[in-house]
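Should a chain be cited, it is by its letter among A, B, C and D, assigned in written order, with residues numbered from 1 in that chain.
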Amino acid sequence: MLHITTLHYLVLGAALFLLGVIGVLTRRNVVIVLMSIELILNAVNLNLVAFSRYWQGIHGPTALHGQVFAIFVITDAAAEAAVGLGILIAFFRNKETVNVDEVNLLKW
Amino acid sequence: MNPAGMIPAGTNPPVATPFFFYLLAAIMVVGGVMVITRKNAVHSAMALITTLLAQAALYLMLYAPFVAGVQIILYAGGIMVLFLFVIMLISIERAEKERQFNKQWLVGIVAAAALGGLFIAVYTTTTKGRALFPEGRMTYGETQNTQQIAALLFDRTAGQYMFAFEIASLLLLVAIIGAVVMAKKRI
Amino acid sequence: MHALVQYIQSYLDSDKTPGGAGNIFWATVYILLVFAGLSVAVIAMNWLERKILAHMQVRLGPMRVGPHGLLQPIADAIKLLLKEDIIPAEADAVVFWIAPFIVVLAAFTVFVVVPFGPTHAITDMNIGILFMLGVSSLSVLGIVTAGWASNSHYPLIGALRSSAQMVSYEVAMGLAVVSVILMTSLNEQSTGTLSMIGIVQAQLAQQEWFLFKFFPLGLIGFGIFAIAMVAETNRAPFDLPEAESELTAGFHTEYSGFRWSLFFLAEYSAMIAVSSIAVTLWLGGWLRPFPNLLVGPTWDLLFSLFPGITFLLLAAMCFFNTARMPKHPLFKVQTIGLAGFGAVLGLIGLILVLPAVRIRVTDIFWFSAKVAGFMYLYIWYRGTFPRYRFDQLMKVGWKVLLPTGLALLVLTALVGMRTELWAELQGVWRP
Amino acid sequence: MTDPTSLSPLDLETPDKTFLDANELVINMGPQHPATHGVLRVILRLDGEKVMGLECVIGYLHRGVEKIAENRTYTMFNPYVDRMDYVAAVSNGLGYCEAVEKLLNVEAPPRAQYVRVILTELNRMASHQLWLGTHALDIGAITPLFYTFRDREEILKIFEKYCGARLTTHAFRIGGLQYETYDGLEKDVKTFVSFVRPKIDEYEELLTTNRIWLERTKGVGKISGKDAIALGVTGPVLRASGVKWDIRKALPYANYKNFDFDIPTGENGDTYDRYLVRMAEFRQSLRIIEQAVDNIPEGPIMAKVPKVIKPPVGEIYHSIEAPKGELGYFIVSDGSTQPYRIRVRPPSFVNLQALEVMCRGQLVADVIAVIGTLDIVLGEVDR
């Protein structure tokens, strides 16, 4: 209780990851599905940064690989959000809906 | 500012770490739950922003101020604004009245529960009485964090991620072009 | 009790910011001081803007409430607080309620790292400038949600315009800032810094404001930032979101009373915040003019007398105007009020001349004076310029400022690395 | 999605506009919009922010001025014309009085003519000043408004001293002037001329080379000289398109042929040229006023006009160059004391018809600039 260890962060990350997974698997609104994906990515980031601190404790203060990874993940998240929302807009313009289960045709 | 960027123990200890950790963790989990349960996408987005900001604070507690800054400037200030923009461009009045969950929601919950079980199994595993992840031994001051990350990314000798960095920039370029192609009416 | 006093006193000899020294008491004091100072500055700015703009436009401005309208901001505040707080029936009440607070929080939180002096900041962060840019960009969220939650067309269009504008200009702004960060790394260890205090100290160490560094590169960077910061705060000539002739009042059309005043507060404190970034990055922050050239006790004494002299001059202006007041019984209260105000200013001036106070406030004075210059520029712009059209605004942001910023960044890096590059080139040519 | 086979041939020929294409948005601007200068309602058809077409809905300020004229004597109708273009009341009165004088076949005495010219030109400046202030305000520059109103005030003071009214002056009478000039009119006008000349430079200093002003006005609301003539556009708007047409020179009325002045013209017919033309007209007006003040002759101020005006049977069209363009009065007399019909050709009304040509393909924000540059007064458009 008094010491916050790496495991605490990992559990929090796992909880967020699960929330994200549930969101992706159950929601119909594409926007919220995309947000759930962001949630998953953030859970991963949290783990990476927690690992980074753990790694620093072992390998000295310059062992920041986890943080560098987190930055790359954030970059990917930005790219993913841009493309995902672009697809969403194109989709909405064609089908006037934002529900994933109505995107069941390869062509319309 | 000493060379190693390390704060000697005792001079400036973090204040009430457990309290802030649990507070922020609670905010994040509640925010996460709200993200996946709200009917209105704007409410979801606001909950996600709260989660992201709380996470930035957690990064600060993990002595990762640069990641925290990037989190705020990119995630909360950039990506989420994009989300809000898109939500406002597409009408959501209709989406609110519709069914919110898809037909496979039960399967999704079950799969997530299985995954959660897996997590619990992993985290409770102990080898020879030791937890998988024992606590880090030292806490490091954040005074040189940004410089060290920069060294990892750009330095000629210590830098390992320069190629990855360039690839990431290429990825962003592709994403920009892709997003423009997707979203533009007439090219 | 004694331990507490000692804890409080222990900071006074420290050469760190309260946050850096980890002293919670002084950090709280600084937070309260900054908050109070900011509120006073916003109120003063409100009055000054109306007065200065009025005088630019051959008007008098507020003259009725108090002498020369000095109490007008207070009257306005009372009026706003007493107004009915209307939430439109079709609005999304929760989001409508939260949005102004997001904006205000974003606008106030940035002052955590603003360095009013080498120790006069709430805290100094390793990522100071990144933190400022990031947190101030959060106000976009408040604006977008405010426009959306109003559930009305004008606010929504205003909010979309506003946020598109802010997001676009953040890019150019960031590039200009990065060029300064490159400049900070020009020392023996080539250690650049993102810390706000570190940036000013780098200017002191390099004996040059970054405005004049690599002339004209620093100037160009400053120019980009100075344009982008006006667009960032949605002020004239980039006040499209609030273009009365097109959009009534922009994203806060549906807001009234207290909530509207929060937006107002946020707008002005955001103006002060971006001005402090500009001052810190290009104009030497808290440094007095010529800190390396005019050194010595005489010059130190002379420059540290400035704050007191300024206030005494303001007091003299008040007394002069008191003497010019009409000698009519109706103006008695006003005359006394103006004289009293002058007396208060004079007293502040006298206190500021005291040696013990003098050395502590001189940094804050120079910082505030530079920020005040920017505030005057804001008012001046508003009195002079017509409004850009939206496509022209985007054109300026993306087609002018962004390429200039990119070129500036590359040039700054090349010029900063010229000796190393030259050595490299010689190695290539003469193997 | 509808099955393509179920579409009728007609549907296939005209594909759904909303499909992969922005749907055209129809929005209403006005009649209570702050930038439509009164109660003009503009129905805009937009594609995004681009104007595909627009339609003006007018008549919110219709008072039936022309019908009122049929039930009033010629003298009684005179004040009514002031209420049409209420920012240039003197010009309206001049046009009406001259038209009736022409019908009666009398001419105002020279002294009256000179005073008329001075007041009309002063009024032209007042009208242009109001236009400049509001036009700049629409584009976002707030300061010129206060500058122009400060200087317009001086003109209104002269009007007030002369005839007691500031806005709806009713300064002229059929056959000349009601009032002899007050002592010191010449001095007042001369002081005003020397006062306002540097002020016009001041306006130009704020705007003429202002980058944002140039960007907002250059190439905006273009109309070619040919189009302008075809649409019947007159006044500064026509002259900015390069057509040298000014009724003061082309069909001289009053005694404008005695004065030496130029007709400023533009080249491109855009908003900026219209601005430049009007700024040049300020200076030409000053020239005319100076010449007139120096040469006011002594003499009577009223021609011999019967107490009861009863023009012979006939009809007359007389037009003058009002600040906004050609202001014409067509009067049909049946020989009685009341006109059989009066038809006014208001410049604002005709110029407003060019709005669509000017705005098509521009952005919404430009519509505001173009409405401003047309310098319409709804009182005159709707009458």
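Everything that follows uses one rule, which is that a residue touches a chain if its C-beta (ideal position, glycine included) is under 8 Å from a C-beta of that chain, and two chains touch if they have at least 3 such contacts.
Everything quoted here is computed from the prediction, not taken from an experiment.
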Measuring from the mean of all protein Cα atoms shown, which chain centre lies nearest?
C
Name the chain whose C-alpha centroid is most distant from the C-alpha centroid of subunit A.
D
Distance from the CA centroid of subunit A to that of subunit D, rounded to the nearest Å?
63
Mind checking the centre-to-centre distance between subunit B and subunit C? Centres are C-alpha means, answer in whole Å.
30
Euclidean distance of C-alpha centroids - subunit A vs subunit C, Å:
35
List, in ascending order, every residue of subunit D touching at least 2 other chains.
20
Multi-chain contacts in subunit C, i.e. residues touching at least two other chains, fall at none
Residue numbers in subunit A touching 2 or more other chains?
93
Residue ranges of subunit D in contact with subunit C within the complex:
34-35, 49, 136-143, 145-147, 150, 206-207, 210, 212-213, 215-216, 363-366, 368
Touching residues of subunit B toward subunit C in the complex: what are they?
11-13, 15, 40, 42-43, 46, 49, 65-66, 68-70, 72-73, 76-78, 80-81, 84-85, 88, 142-147
So in the complex, the part of subunit B that touches subunit A is made up of which residues?
4-6, 17-18, 21, 25, 28-29, 32-33, 35-36, 38, 41, 44-45, 48, 51-52, 55, 58-59, 61-64, 66-67, 70-71, 74-75, 78-79, 82-83, 86-87, 89-90, 92, 95, 98-105, 107-109, 111-112, 115-116, 119, 123, 131-138, 140, 144-145, 148-149, 151-153, 158, 160-161, 164, 168, 171-172, 174-176, 178-183, 185
Tell me, which parts of subunit C touch subunit D in their complex?
56-59, 236-237, 239, 243-246, 382-392
Name, in rising order, each residue of subunit C that touches subunit B in their complex.
20-22, 24, 92, 94-95, 98, 125-127, 130-131, 133-135, 137-138, 140-141, 144-145, 148-149, 156, 160, 163-164, 167, 170, 191-192, 194
